[in-house]
Structures are given as C-alpha cells and as structure tokens.
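Two complexes come next, and they have one chain in common, chain A, joined by chain B in the first and chain C in the second.
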Partner chain A sequence: METLAMHISNGIINGPVAAVFAAIALAAMALCVLRGRQDLDDRLAPMAGLVAAFIFAVQMLNFPIFTAGVSGHLLGGALAAMLVGPWVGALCVAVVLVVQALVFGDGGVAMLGLNITNMAVIGIAVAYLVIALLLRVLPRTMAGLSITAFVSALVSVVVAAMGFVLQYQLGGTTDLGGNLSGLAGTMAVSHLFIGVGEGLITATTVVTVAKVRPDLVYALRALKPATPAPAPALGGVR
Partner chain B sequence: MKRSLGFVFGGLLVALLLAGVVSNFASSHPDGLDSSLREGCTFDADDEITGGSCPAQEEKEHEIGGPLADYGISGLDNDILSTGLSGVLGVLLTFAVAGGTFWLVRRRGPEPAPEHVAGSPGAGRTDPATTDPTATNKA
Partner chain C sequence: MAAGHAHVLYREVDSPVHRLPPEVKIAAMVAFTIAVVATPREALWAFGAYALLVVAVAVLARVNARWLLLRSTIELPFVVFAVALPFLGVGERVDVAGLSLSVDGLYGAWNIVAKGTLGVWASLLLAASTTTRDLIVGLDRLRCPQILTQIATFMLRYLDVLVGEARRMRVARISRGDDPRFVWQLRGFAAGVGALFLRAFERGERVYLAMLSRGYTGRMPAVWQGAGAATTGQWLVAATVPVLAGAVAATAVVLT
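So, the complex of A and B:
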C-alpha cells in the first residue's frame, strides 16, 4: 500500500534520453551556482536552507484533487522563486529532489536529470517570468503579492507537467501508438487542479512571510516598482 | 541577523510539524504524474498491474531503496511513527544539506558594501540639501 512515489521512477523514460536531461540539469545547476552566489549572503543562505526543508515537508502532504483517486502535492518552484530568487530557488528544489532520490527512494537516481529539469529548471524559470511580470503590473499590496504567488505557481506547475510529456515523447518506454494526446491531456488536467492547490499553498506561505519579514521575500527586494511609488503595505518596512 | 536566525528556527519548527505530524493526514492516492502513467492499466487490491497497457508497467526498481524508502522507517510497524519520523529526518537532512551548502558557497567579505556606497553619496547629498534652504533664505 506504499504508493508514495511522487517523481519519475526508473524505467519510465529510456536511458539515453535520461542521460541527455541529466547533462542539461547539471549544466543548469552549475549556472545556478554561479549566478546564485551573487544572491547568497549571510542572510539568504540560512533562509534558502529553510526553503528547501519546507519544500521537502510540504511535498509529503498529498492533497486530494477533483477526481476520486488522484492526489497532488507541492512542487515548490514558485515558492522558492518568490522567497529566495530563481537561481538559489532552483538549487533548493534540486537539493530536495536529490535527497528524495538518494535517501527516500522517490524518483529513480537515473531519472534525476529529468525530474530536476521539470521541477527545478522549467518550474522555476516559468514561475519567475510570471512573478517578474505580475509584480510590475499589480499593485504593491498583499493582494497583489498573493495573486502573483498564486498565478505563478499555477502556471509553473502546468508547464512543468508538460515538460514530462515532452520527455515522454522523446524517450517514453511504453508504445502509446505515437499518440501522446491522452497522456498530455490527463497530465494537463490533473496538474491544472494541482496547480490550484500549489497556488493556494504558495500564496499563503509567501503572504505569511511577507507579513512577518518582508525583507526576506526576494521578489519584493529584487523587483522594485519602476517608480518609487508609496508602496503602501509592503515596501516601507525595510 | 539574530532575528533572521529566529525566523529560520521558527520556520524549521513549522516544517518539522508538517512533515512529522500533518504528513499522516496526506492523501495516499497516486499523484497527478503517477495516475497519468497508470491510465490504461487495471490494478488489483495490492496495486499490482492486472492487465491493460500503460506507461507505469515499465516501471523498474529503485537503485538504492534504503531504510527510509517510500517515506517510512523500514522495520517500524507503527505507520504513524514511521511516516512522521521519516519526515522529521528528511526535513533535518534537507536543511543540513541545503543550508550547509549555501553557507559554504555564500558570498563573503565586507557585507554591507551596497549600503556604504549608497551612504556616502547620500551623505554628500544631504549637505547641499540642508544648505539649499539657507541659500534661499538668504536670497
């Protein structure tokens, strides 16, 4: 009854494609270390450790979604991108995936590159693009911040799920008759609902942190409004 | 800085509670990925594939497994304790690995450099600003 595998298991995608994505993931993570070092100071380093630990914890909390018999859980890309930025955030998600694969038997070790590419690279990149866009156009209020968190989480989860569909197209081990629309459809629909859950968790968490310590929300520090407007609820604290 | 560590400590406590206690209330149904991969197959009560064709049928054993595999402690019969304890260990391990790595690669040196840089021209700017009113007063 222990069906707790949450990530791509061994055998689902063939070896060569998994190896290609391992190389992609490795290159992306190397870039994240280089760029992330600029962000990592004495304040961000422990915060980033906390973000990784928090994502690990919340990923264990599968919640039921629309259809009976299917659950979802946080991926954490938007949450990490909001709190510690895209570069360090991607490293946080990658560390979680590595710990899960090496210690918890979740996600094949040979599949790690695929999982990191989907959740740490695609998930974070999409989330941060949406965050950067929305924080510039929405009002600098708690409402604006929570909408940003919710939408970026929702979009990033669905796109990350499509990353898997692409990988399956390239190296899936079961012959689906060359027709991936069924798989793409169930992945899209289930992750649309999972994205709603992810959005709620992300918005709640980010708003909570922003209320206690707005200076610890990377997106608020990095993405200042174009004009130094009053910034009512958020900007002034630090 | 001290308050930052207080925040991190508090956040860690929340994560430990979530992974150690709340995790026992999590749904045990397959997640979105897993259920998509099971589409097309039929399963018996023990979750073994009984027929059909689906991506999940190609699934292979994990390379490592290990004592904490599937978020439990092998050999511990109490499910609640097993899940909770594995969650607590996972949170601590993740925090140690991530926090330790980030701490080691962090940017060091004189930290508040940007504030100093911003400070000196700022201080320079206040002088003309304060002399301005007197200048206009004299005029």
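So, the complex of A and C:
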C-alpha cells in the first residue's frame, strides 16, 4: 500500500504557535490520562487497542487534494468516541499520531501538538458532544444510532480540518493573504466529502458492534438499555 | 506474529545505532527535530549541516541511501503544497524564467521541504534501527503514562490481528464466488468492515485474556525487569547528534 504523509509536517506552522498548541495538547492529554484510567477496565483495554489499530489502518486511506496540495484522510475520532468514550478515545487517536510521527515520519515530531489538538482533542470533543446530544434526541433504535454515528463523524472531520486552517492563520510560515479563505474553502469542501465516507464507515462499524455486542459500545452505556442485551454470538459473527 | 514484532521499516542488521537503547534514540530524535524546526529558514548552510549529520548516522546505522530516499516519498503531498506556495504567497515578487514568484512563498516552500525532509529522515532512521517492541519499552522508560504505552502495545499487536482477519475474510469471499477486481472489491470490503471489526475484537479479546492469565499487569516484562536501560555513557554517545544540531541552530539564530 502506498503511504503518504497526511499530518502537518515540520516547517508548515512556525515554532511559537506549535509550542503553544503543544502545551494545549499536553494539558488535554494529561486530563484524558486521569479520566481515562477510571474508564479502562478489562473490557475496554483490548477495545482501546483495537480501535487504535483500526484508526491506524483507516488513516492509511488518504485522499490527496491536489488543487491546494493539501491532503485529507479519515480521522476515526467519532468511532473512538462511540466505542471507548471521549477520554480513552482521545488517547487512542493521540497514540496513533505519536507512533506515526516517531516511526513513519508522518507528521513532524515538532508539530505533534498541532496534530493532536486537531484530531485527538477537537475531533473527539466535537464528536462526543454531537453523540451525547443526538442520542438524547433521536429514538433509541439502530437507525437512530447509525444517524448519530454518521453525523458525529461528518461534523468532527470538518471541524478538525478547520482547526488546521485556524492554526495556519495564527502561524503559517508563508503569508497567503487573501488565498487563506481559498485554503479554508478547499479544506471545508474536501473534508465534507471525506466526512461522508468516514460517516458511512463509522455508522456500519458501530451498528454491527451494537447489534452483536451492545455492551462494547461506550456511548450506549450511559443510557439505560432499551432492550436487554442479547447473548454474544458464539464463534464469531459469520 | 513475527518474532520481536519487527515492522516493515525495521532493517535487520547489527550496528552501533541498533545497539543503543531505544529511549536515548527517541530523545535524540525529538531533540534533533526541534533544533531543525527552530532554525531560521534563511540560514541555508545550517540545513546542509543537518543533512550531513543525518548522513553520518545513516552510515553508522548501515541504512542505504536508496531505501532512505524511497521511503521519503511519504512526504510528497507536502512537497506539492510547497510548490504551490511561491504562486500563492503575497508580498515582494521576483521573476524566475518568466514566472512571477513570491519571495516569501519561495522561502516558505524551502522551509517546508527542508524541515519536512530532515524530520522524515530522522524518524526513518529511528524506525530502521528500533523494533516496535523496543520503541514501547523506550517510551515507558521515558516515563510515558502507562495507559498510553498499554494502548500503543495493543495497537501494534492488533494491527497484525486486523490484517490477518481481513485476509481470511477476503479468502472466504473469493472462495464463495466473489470476484474482486480493482475498485469493485471495495464494495465487498465496505460491507464487511463491521464484521471485520467484531472478528478482530473477539480474537484480540482472547489474546488479551490469555496475556492476563499468564501474569500480564499492563507493562512489558523488559520494563519492570529493568534490564538493558541506558547507561550514562550511552546517553552521552546519543547526545552528540542533538548537541551538534543545537549548536548549529544557535549559530544560525545568532547570525540571522
């Protein structure tokens, strides 16, 4: 599989802004570590690892946006928020980003704070807020769950992409002048399409898991189960 | 799973760089990258000096140039972004071969290509000389919170599970008369993504429970046994690269 860099690489955003966002990311991750420890039990630990591996794999699906030379990709934030909750979910995405930066050279090590802020902090926070809201509003059916998963993924991808535009405005190493709104537009439109793809993948995955093992979906734990959980299917799902 | 959990980028040779403990390599790599990023982009010579440092480490680690260059293509999207900058940038412009280019944009493009490439080289050298298992041991020794190293351990372990399940499901589809070709296999794959996730989870859960029943407490044995941690001498050896890079960066800042 051809792999291409997708995260902000070294030298795109200047040092001071990168340092500020590194501090923000560090503080947010410290909070997630504290809250995540309470969540991580024997059921969630392997799930967190699998969610991270899954995100790692889907982030390899990369869509170059050649009009502006920026590329976009699936983020997996909504999937993580759905299955392992916001705290452990943010840690999963952060772990993926750290490993990609350290050993694959994908996303500069000095830019990790920016990437973590966009994808692990903003992406997950937005996704979880949308999930919490929609699960209360929509009927507790599989259709409701799948709409929740789809919308939260779509919204979180677009908002996370806007995080990059904001960072570029604050500390882009080259002043694009009026072209910045062009960059914002390209990022928004392209990530709208990516968000649709991400929404479909998130919805199918979450609905399949919720049908067979509803106990594994973190977002459903907070709610009272509408129906008693069916016994887990033996010997896999096929 | 392969012995030692080697990954695709790991180069199986013996060298002084391979023998260094992982924590010093990670620390050196991060410090080097920060020095590179902190360098003002007008100091062209400094980037030449960094490149020499990278080449020296690559020679020591017995990583050949062709592999390094081939793997650097991961950076391509950002190079494309960089090429667009001289046309999009504002401010003072120069004419090069009939094209009106922004000076700020040209420097910006150089900045992205130079710093990006050096960063990618540094992480490729780390990847080439460190197994994933060592990487996690190194992160743990650098006091990375246990919850993070635990997620990272499972992520790297389950990647193999995920790839294996995907392959088994593909074989199952083909043997039932599916004819996957080019893009059309995406449909079959998309329909099975949820099933893939569940199957991988159930297999992964069994792996996890097996580890628990054999005494796994959340850390790798190599860490709590404390064997092979870096000595002061090894820290000093590995520090040479970031210290030299830091000196170059400081000189560049003073000169510009």
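One rule holds for everything that comes next: the second predicted complex is superposed on the first by the 207 of 238 C-alpha atoms of A that agree within 3 Å, B and C clash if a C-alpha of one lies under 4 Å from a C-alpha of the other, contacts with A are read in each partner's own complex, and residues count from 1 in each chain.
Here is the rule we go by: a residue touches a chain if its C-beta (ideal position, glycine included) is under 8 Å from a C-beta of that chain, and two chains touch if they have at least 3 such contacts.
Treat the numbers as computed from the prediction; the structure is a model and nothing was measured.
In the model built by aligning both structures on chain A, chain B clashes with chain C. Contacts of A:Ile194 after superposition on the shared chain: chain B is touched, whereas chain C is not. In the superposition on chain A, A:Thr186 makes contact with chain B only, while chain C stays out of contact range.
Of the two partner chains placed by superposition, only chain B is touched by A:Tyr168; chain C is not. In the superposition on chain A, contact of A:Ala18 is made with chain C only, not with chain B. When the shared chain is aligned, chain B and chain C each come close enough to touch A:Arg37. In the superposition on chain A, contact is made by A:Pro46 with both chain B and chain C. Taken together, the two complexes place residues 3-6, 9-12, 33, 36-37, 40, 42, 45-50, 52-54, 56-57, 62, 64, 69-71, 88, 91-92, 95-96, 98-99, 101-106, 108-110, 173-174, 176, 212-213, 216 of chain A in contact with chain B and also with chain C.
Across the interface of their complex, chain A is touched by residues 7, 9, 26, 29-30, 33-34, 36-38, 41, 71-78, 80-85, 88-91, 102, 104-105, 107-109, 111-116, 118-124, 126-127, 130, 132, 135, 145, 147-148, 150-159, 161-163, 169, 172, 190-191, 193-195, 197-202, 204-205, 207-208, 212 of chain C. By the touch rule above, chain A contacts chain B in their complex via residues 1-12, 33, 36-58, 60-65, 69-73, 88, 91-92, 95-96, 98-106, 108-110, 161, 164, 168, 172-174, 176, 182-183, 186-187, 190-191, 193-194, 212-213, 216. Interface residues of chain B, counted against chain A in their complex, comprise 1, 3-5, 7-8, 11-12, 14-16, 18-19, 22-23, 25-37, 39-40, 46-47, 53-66, 68-72, 86-87, 90-103, 105-107, 111.
Partner chain C is touched in their complex by these residues of chain A: 3-6, 9-12, 15, 18, 33, 36-37, 40, 42, 45-50, 52-54, 56-57, 62, 64, 66, 68-71, 88, 91-92, 94-96, 98-99, 101-106, 108-111, 173-179, 200-201, 204-209, 212-213, 216, 236-238.
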